[in-house]
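The structure appears below as structure tokens.
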Amino acid sequence: MTVGAVVYTEAGVDTYDGADLERARDADGTTWVRAWDATPGELDRVASVFGIHHLSVEDIQRDIRPKTEEFSSHTFVLVKTASLRTGETTFREELRTQQIGLFIGRDWLVTMSTVGTDAVESVWRSIQRGDVRTLRLGPDFAAYRVIDRIVDEYFVVLDETEDLIEEIEDGVLAGPSEEVLVALNDVRRDLLSVRKVLWPTREAAAILARGDPDYVQPSTEKYYRDVYDHLVQLVDLTETYRDLARGARDIYLNSLSQSTNEVMKTLTVVATILLPLTFIVGIYGMNFSGGPYNMPELGWRFGYPAVMFGMASVTAILVAYFRQQRWL
Amino acid sequence: MTVGAVVYTEAGVDTYDGADLERARDADGTTWVRAWDATPGELDRVASVFGIHHLSVEDIQRDIRPKTEEFSSHTFVLVKTASLRTGETTFREELRTQQIGLFIGRDWLVTMSTVGTDAVESVWRSIQRGDVRTLRLGPDFAAYRVIDRIVDEYFVVLDETEDLIEEIEDGVLAGPSEEVLVALNDVRRDLLSVRKVLWPTREAAAILARGDPDYVQPSTEKYYRDVYDHLVQLVDLTETYRDLARGARDIYLNSLSQSTNEVMKTLTVVATILLPLTFIVGIYGMNFSGGPYNMPELGWRFGYPAVMFGMASVTAILVAYFRQQRWL
Amino acid sequence: MTVGAVVYTEAGVDTYDGADLERARDADGTTWVRAWDATPGELDRVASVFGIHHLSVEDIQRDIRPKTEEFSSHTFVLVKTASLRTGETTFREELRTQQIGLFIGRDWLVTMSTVGTDAVESVWRSIQRGDVRTLRLGPDFAAYRVIDRIVDEYFVVLDETEDLIEEIEDGVLAGPSEEVLVALNDVRRDLLSVRKVLWPTREAAAILARGDPDYVQPSTEKYYRDVYDHLVQLVDLTETYRDLARGARDIYLNSLSQSTNEVMKTLTVVATILLPLTFIVGIYGMNFSGGPYNMPELGWRFGYPAVMFGMASVTAILVAYFRQQRWL
Amino acid sequence: MTVGAVVYTEAGVDTYDGADLERARDADGTTWVRAWDATPGELDRVASVFGIHHLSVEDIQRDIRPKTEEFSSHTFVLVKTASLRTGETTFREELRTQQIGLFIGRDWLVTMSTVGTDAVESVWRSIQRGDVRTLRLGPDFAAYRVIDRIVDEYFVVLDETEDLIEEIEDGVLAGPSEEVLVALNDVRRDLLSVRKVLWPTREAAAILARGDPDYVQPSTEKYYRDVYDHLVQLVDLTETYRDLARGARDIYLNSLSQSTNEVMKTLTVVATILLPLTFIVGIYGMNFSGGPYNMPELGWRFGYPAVMFGMASVTAILVAYFRQQRWL
Amino acid sequence: MTVGAVVYTEAGVDTYDGADLERARDADGTTWVRAWDATPGELDRVASVFGIHHLSVEDIQRDIRPKTEEFSSHTFVLVKTASLRTGETTFREELRTQQIGLFIGRDWLVTMSTVGTDAVESVWRSIQRGDVRTLRLGPDFAAYRVIDRIVDEYFVVLDETEDLIEEIEDGVLAGPSEEVLVALNDVRRDLLSVRKVLWPTREAAAILARGDPDYVQPSTEKYYRDVYDHLVQLVDLTETYRDLARGARDIYLNSLSQSTNEVMKTLTVVATILLPLTFIVGIYGMNFSGGPYNMPELGWRFGYPAVMFGMASVTAILVAYFRQQRWL
């Protein structure tokens, strides 16, 4: 059974069958109809009972931005649940979202989704368990509780992103590798996706927090303001993490430049020391002969030790120079 | 014949000749005049029958931004169809757009374009096939259906762009080559062009969705709101793809730096091992002679094996060092 | 003569001398006074006849942003003509602009500039030729025609900029050279200058298109809206060209990095092949002697061919390796 | 005792116990209740006495952005104290903030925080010392004084950041090292955090400065405007420092590129001088013999000096060339 | 004497002593009190005579952003004079600003600053010289004249900045050096500082130009609009100069990359020519002997000339190749 209904007052909770929606709608008290993990046919049936526009039903089945839209008999709120899942792309994980539609009428609430979600389930159960505050307040409060739960999921998503950034920061210090840059792109992409959902959700919550819709009561506005504050904070977090990712990227790119610089220094030091020495030994490998001016050194008693000492001196001077220049 | 007219009511559809526009305009029911693949003369003729300003007719023949403009007797909507075509520049493909003008009056609709387009054609045919909903609702709904079709074309364009980005991402991993950067510029340019059209189209749809124009009925507003949502989503997509392109570019540029770094490491390792060895063999190629201090090693029984062993040791130490430094 | 006046109605056109401004002002019909290539004294004289504030006259003589300003008896529009001229800086060409002031009163128009300009001249002549539409409509329409001509000049300027970008794109593919970057800076600077003029011109046109000023009649608003659309399109073009310039710059910088990468690969390949070979021939250049363990290879019958063959093998292996690595 | 109360008039100050909040609330004069370093239970107790919403109390215990929120009986201002502390991350120091809630009623002020803070303490004491101006003016002025103190703390934080930037600028000139980049990231992160708090604090102050809330009297608005000015100045400072950090980063990255450039020049100079010399001595190390055309130089009387002189000449020419090219 | 007063009408100018402020205030005509290079005590004294809030007096003594603030009896305008001075930082020059407060009442003007400034002095003198227009118009016109003078100082500052940019552009073409980057940072910093002052000054002038304040008369609005135009133009100039600085920086960084590229090409050319030659001479330095297959070339009649010719050929081919590749 994927369509169900409850009618509740402070006095208690009645459960209705998905086939009895008209009776549930007309009963005294707050009516909540939940179409959960529902087929298009079930969604259309619920929509026709409560006068919900077919375009709104379509929105729930598509990847539309979160929004609050007002109709004459109800307010339509479209939100998205969020989780990081292993995706189909080369990225390690990516943001998966699912649409949930909330329709807030005078004394009724309809929630619709084509999947099952924890956020709706947990509030549904708390009503059946007889949560006093929710029973006392109307459909706008129940809707608030669902939205509040959904917004909390984004904190979980951003916590996971933070862990990933910390891993990357460790990887960056260990040394430059292409994997780090791929992971950084991954995180940046996730943050962009989260931000793209959070931003319109914030706007949707702002409309509710201002109490513009007819069926949001003044006493519930404060609760939507609280949701709004959390969404502002979430947007702030995505920016902070984006900056951390940018910082890690800077250090990564710099460590590559620094590595190249050091490799070149090593090469230059080695070449600057050994090329002169090789030249010197090359001199005494020449085959000049036939006269007093032609390489008399070769016959000197201490010729060989003298050359060896000369080369050691050249080496020592060059090493000292490079030490001073901090190339060694 | 590139100018035609239909007059439709829920009862049925009458077709009029392009020469009979005044009769079609004055007939009962919704009149739709279509100037399709039309010459400037035909456009002017239609305009004079429906009191359309000559500046609007000019707009349809120029590369003006999409817009919604209100006149006293009608609302003028200028939109652009989109497709990626092989262009005249060095880029592989580029965005081609074509203007379509829609003039929505109280009980008439005029669509004008200097080319033939699928979007107008398909709605035109569905009316002639007797599509119930379109026949029942007025000219603002028929206009919505044309615009909706045109907006859907942008999803096709962005799908093609996504494929191109995926190709580029594969190319980037295969190794740095200038082609990749050219392709990335290509994509960036396409996304910019798409965005430049989508943004004002979104504004034009917003005006219709707010129901400001007199001839957009309250019951049609919801449909334009739906178009607006799709345009918002399209703008979001262009941003997401732009970020993917930027990510691919980062990986590309980095792989070039990394390649240079590795090339330098190879050179440095080779030089650091072989320059000392060449120096050593150079020493024993010197021609010192004439005394016990001059290169006595050359005469030692195991001189040659000792030098060879010494050089092998130097090599082994350097290789071990570079292994440890992860240069090998 | 740099100050002249015409008074026109649908019936015809009368020409007045610059000394007769008061009579021209008071004559029936639309009065247009043109101060063209005028001295400060002439400007002041015209201003005093029509009650124009001396600060407005000063604005025309200074490099002030385009603007629309309303006074009690007239609307003041300051626009700028544009052309690319060889400048005094090191840049090849730079944007030159000249102020034109238009003062639109109830039944009069004053245009002022300290230079002569084609835009004013051509509209002036078309009135003297008896252009029907202009004669019939009032001073706000004549002002529109001047502004429209001036805006068209920016399309010419941007066309020239586009040609320059195309030249640069060709230059970039030919190979990295500092000239290309200088030319890119040049273009970027021109685009920035154009944009700085276009942006406030757009705002000035928007005020006229909204019909806010008292002396812009409802029937003329559409024409100013058309000018506004062209200005929006021009701003779009500057952004498109700026992006093309940025793309060319990316390819340029990348081709430099790629060139450095390839130079390093060449060096590394050469060194990696020849340093080992030089080492090997160095070994057999050593002078060890005096025992069976000291370089017996030197005496082998096929010692020399064996070494040569060994070196050829080393070379072949290294070349094959570098081929596989795509370094060759 | 972490909850206390004072009731003050121009005549004097009475102190009340935390258990006596109702009496303090109802007494004549301005009542200030301070919950300081308080437990959740204490906060709830104070809230229930003054009709403060439980969501506001929750806000004080969470990391919510600064804000001004109006309730029917009071205005709620949430601000954050700031200090740089050694953090748990790898960064040297990071911004630590703590929430302080101020509730401004008609004749009462409640301040709440879960920690003890200097800003509240110092104003609290000045009242007990009988500060005339504060005693005369109402709860909105006392709230101003607390907020003013808190805003001053940000000047201290930014002063410390400036010192850090100066240290970094010195480090950059000393030579490229990875530490500098880490420190720069550190500063950038701090500035971002400060800015994230300052921006909404500025908005919260703007609401008070405009005098919108009922319990901010016209005579106090000027004081909040002063706070607002300081917040604008603080935001300006964060931008200036961010730019200084960016400038230091540019110089740092450039000095690395310049270092690589110089290393390469050294290598090229050394190789360009010594490779030809080594080649020359290699020539005269060849063992050709057996005819007049085979290396007659080896037997010339001044062969060796001539070669040595030739090599010295080559060296001198190359050194002169590199000097001229500024590579030496 | 640092506090003085004048009372002026079209008829003439009376000068009052700083001790006579009350009499000057109450005299017929426009009263201008100037506290110039004044001590805090003097400022407080003037403030108490004219009912100026002590927070405004504090603002003049602090580094607060320019602003226009309205009080019931007067309008307070805070502006800043600007000059480039040798600063305490490592930068060559930096922007120095000084606060000037203008208080515009119904028939009085108070100007306050803790320093002496040319702008105030020159207007003060022109009144004493009996400048007709200033004497005829009220305190809002005198305030305009002071502000106009102050705004003109920014043109001088930006002219100096332009000269500095031109110097840098010359330096960039001369070759890469760290000094250039430091100078560029210097300019960027100056431009940022100027912009930070100009932006709020523009807003302050906009308020006066709109004529919102009670004591700005309609006839003076035009003058403030003129000041506003100049401020807009100044902001435009800072952006143009910032772009020039960015262009110079691009060319600088590129010339460094290009230099590195050329250094590497030189090295590669040298190594690619000389390593093979050195290898070849190494071959004929080997000591193989003992059979017909061992280095028979050494005994050939033209062995040596043949090798020399072979090496010359290799060199010629490589040089031709590098010429073709444009590496030489």
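The first chain written gets the first letter, and so on, giving A, B, C, D and E; residue counts start at 1 in each chain.
Rule of thumb we're sticking to: contacts are C-beta pairs under 8 Å (C-beta built on N, C-alpha and C of every residue); 3 or more make two chains touch, one makes a residue touch a chain.
No experiment lies behind these values; they were computed from the predicted model shown.
Colleague: Fit chain B to chain D on CA atoms, both being copies of the same sequence, and give the resulting rotation angle in degrees, nearest 5.
Modeller: Between chain B and chain D the superposing rotation measures out at 145 degrees.
Colleague: Shared interface numbers for chain A and chain B above half of all numbers used, same, or below, different?
Modeller: different
Colleague: I'd like to verify one number: the distance from the centre of chain A to the centre of chain E, where each centre is the average of its C-alpha atoms, in whole angstrom.
Modeller: That gives a centre separation of 40 Å.
Colleague: So what's the Cα centroid distance for chain B and chain C, whole Å?
Modeller: Centre separation, chain B to chain C: 25 Å.
Colleague: Multi-chain contacts in chain A: which residues touch at least two other chains?
Modeller: Where chain A meets two or more other chains at a single residue, that happens at 257, 260, 264, 267, 271, 275, 278, 282, 285-287, 295.
Colleague: Would you identify the shape of the chain contact graph, picking one of line, ring, star, complete or other?
Modeller: Looks like a ring, each chain touching just two neighbours.
Colleague: How do the chains line up around the ring if the path leaves chain A toward chain B?
Modeller: A, B, C, E, D
Colleague: State the interface residues of chain C toward chain E in the complex, per the touch definition above.
Modeller: Residue list for chain C touching chain E: 53, 55, 58-59, 63-65, 67, 69, 90, 175-176, 178, 181-182, 185, 188-189, 192-193, 196, 249, 253, 256-257, 259-260, 263-264, 266-267, 270-271, 274-275, 277-278, 281-282, 284-287, 295, 297-305, 307.
Colleague: Help me check something: in the complex, which residues belonging to chain D touch chain E?
Modeller: Its residues touching chain E are 169, 222-223, 225-226, 229, 232-233, 236, 239-240, 243-244, 247, 250-251, 254-255, 257-258, 260-261, 264-265, 267-268, 271-272, 275-276, 278-279, 282-283, 285-291, 293-295, 326-327.
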